[in-house]
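The same subunit A turns up in both complexes below, where it pairs with subunit B and then with subunit C.
After this line comes the complex of A and B, so read on.
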């Protein structure tokens, strides 16, 4: 058996509160296979963002441990890129769009021309060619979110973590970005973890869906999405298997099954 | 409103009105007499001072104290504030001390400063530094602490080290606060440099003011006041203009 990209082992997370502790996660275990696309779904407030914060090394679990390629996680792992839920606050208002995207590339030690090409390429991928000289606050919310996606793919990550990345874009852009994410995953073999509220989206994109449920939250179900790749917005979403899986996940998230 | 008034900047109109009132009070009010200069007398005297080398020497000394003290305070306070702001512990533990020194008016340490340094330019510089360094440092520290945590977390995810986080996130985040502190410091520097001469015997415009006053040269006393007001406005205009260029992303 090969080492999983990410291994979540019996992870517990408590937040201290003025009146006792808030038990958020209770013994969550899950292995993410290298190159897989995994969605995390569950009701609002269940602890999805909390789990992502643990996976990115921003927080340390109260109990259990997280391993990345066999190494116990102590800080953000190498090759990580993120698209956070609060996208407006994750871009720097004093830098232009292209400089925002170029900033994390400093640590990759690319040449100046290589950096510029990488930035242009990433902007083109998210459909924002020509906006490089603008400041983030001059763009719409959806465009800002695409900038943070461009910044993430520009670093050629091996692990991509996204928290509701498409929540604020229109339906058409959303479909385009979903296909973009599938394409970069395919091109670069990125292990991707995504939190979403949109169950159709989770089914369309994922190899597996992890359903969190309860207070404290446990892994209620792991749903394998056995719809073959490549997938397409037109045909996949009309597949009867797609409908079955969606219904199943929906019931799980709602606590109906 | 007549077109001529509508097209004149508001500042010009209010200045003219103020000068007229000043002229009127100085000519007819209870203050009229030898101990009060009218606007025209003060302006005439100021025109005279502009060709007087004594006046310009005093201007030079005051600016020397104000500018040198200002530059040293900023050069010390901003890095200091950055360091203090980096950890919650150092911020909490320094805040009290700095707030304590911040509220001590520089004028009350003049007696100590005269004893320690003597009534000279250096004392003026030290007073200016004392007046500003604590406020600018604490404001910088506050700005640094106030950096958006989401921004810092994003940087941590992309594995930026602490120095990169300071340069690319904390410092620019704190820039608006630092610049407000700097603007206040510039005005305070001018005021304190004058006070150093007025009360502490340091050279410069404050000292000149004292000399004119005790020599009964009423019109020149008022002329110096007028000059100080104009300097103050010029300084703050200059700084506001520079700030708008440097910190363009706020106030949108």
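After this line comes the complex of A and C, so read on.
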């Protein structure tokens, strides 16, 4: 068996609070296969962001361990890029779009021209050629989210992790961004892990959906999405298989099944 | 550029009150025989003799030089120090109360101590200015860096930026609006201390000029000094605002849109 891209092993997370310990995750285990698109869904407050922060090395689990390509995770791992929940604040407002994208490239030690080329390529990939000189706050919400995706892929990561990346954009922009993420995944063969509230979106994008449920949360179900790629907003969403899967996942998240 | 013009227009609109005041002063003092309140027209004649530009090299240049050098030293020391302290939890806990304490001493009261320590030369004046101006800058920088947005910080960490890159390229730039508030206060203090530091043992500088004129009953000269101080203080603040507007373009642009 090949090593999974990410291996979550019996992970437990407790937060200390003034009145005792807040048990958030209780023995969560899951392997993200190389090249897969995996969504994490679950009710609000269940611990999705918490799990994602553990995966990105921004926090350390109370128990269990996380491995990225077989390496036990200690700090933010190389080759893993993150798009955080609150994009309006994750882009640095004092930097132009191109400087924002160039910021994570500091570690890559690229030459000045190579950096500029990489920034241009990343902007082109998300369809924002020519906006490099603007400030993020001069762009629409959807464009800002494209910038944060461009910034994430600028380092050519092999794993992309996103926390509700499309939560605050309108429906049309959301569809566009979903297709953009699928394109990025195809173009670069990135293993993608996404937290979302939107079950339709999870079914549309994923190879597999992980349902977190309970307090403390456990993996309640792992749903294989056996709808073939390439998918399209028009046909996939009208597929009866799509409807079945959505109903199933919806029931799981609501605790109905 | 548009914004700069609008800013100039705002200044002109703000100028109506001073204009009314000057007109009133001019008329009210025209017939004055009180030696302490000479007619403004007389002051103005003397003002032209003194400050356009006869005495500028002797009395204005040294003051401005001390002010700028002292203020820059304060900024160059206080901003990096504040960044380091603000980023460290124990640094903030141990250093901030001390800084707060020293800051609550009126800066002018410290001048005599510096005179005792350093004597009566330009070095003493610059040290007094730098010392007094550095506290508001230090406190503002500590506060700004400490309150770095957590999402920004997480993002920077996930990029695996080095600690120093996170400090100087993420936390400090994000804190600049707060730092500028401290710089503004520090600059005003620096101006006051510049003048105050000249009232003892100096023959040069605007503070010295005004004081000596007063002591020698050259009341008209003293008035011209006071007026020039007012004008200079105002102009320096304008320059400061302009520098701030340009440096924090991103901040004001973002604020306007949200």
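Worth pointing out:
The criterion applied here is as follows: the second predicted complex is superposed on the first by the 257 of 257 C-alpha atoms of A that agree within 3 Å, B and C clash if a C-alpha of one lies under 4 Å from a C-alpha of the other, contacts with A are read in each partner's own complex, and residues count from 1 in each chain.
Following the convention adopted for this analysis, contacts are C-beta pairs under 8 Å (C-beta built on N, C-alpha and C of every residue); 3 or more make two chains touch, one makes a residue touch a chain.
Fair warning: this is a prediction, and the values are worked out from it, not measured in the lab.
When both complexes are superposed on subunit A, subunit B and subunit C end up clashing with one another. In the superposition on chain A, A:129 makes contact with neither subunit B nor subunit C. In the superposition on chain A, contact of A:29 is made with neither subunit B nor subunit C. Of the two partner chains placed by superposition, A:238 touches none, neither subunit B nor subunit C. Legend: residue contacts after superposition of the two complexes on their common chain; A:71 is shown touching neither subunit B nor subunit C. Across the superposed pair, subunit B and subunit C both touch subunit A at residues 56-58, 75-76, 78, 80-82, 84, 86, 89-90, 92-94, 103-104, 106-107, 135, 137, 155. Against subunit A, in their complex, subunit B makes its touches with residues 148, 150-151, 153-154, 156-160, 164, 168-169, 172, 175, 248-250, 252. Note for the complex: subunit A touches subunit B at residues 56-58, 75-76, 78, 80-82, 84, 86, 89-90, 92-94, 103-104, 106-107, 135, 137, 155, 161.
Residues 53, 56-58, 75-76, 78, 80-82, 84-86, 89-90, 92-95, 103-104, 106-107, 135, 137-138, 155 of subunit A are the ones touching subunit C in the complex. Those residues of subunit C that touch subunit A in the shared complex are 149, 151-152, 154-161, 165, 169-170, 173-174, 176, 250-251, 253-254, 257-258.
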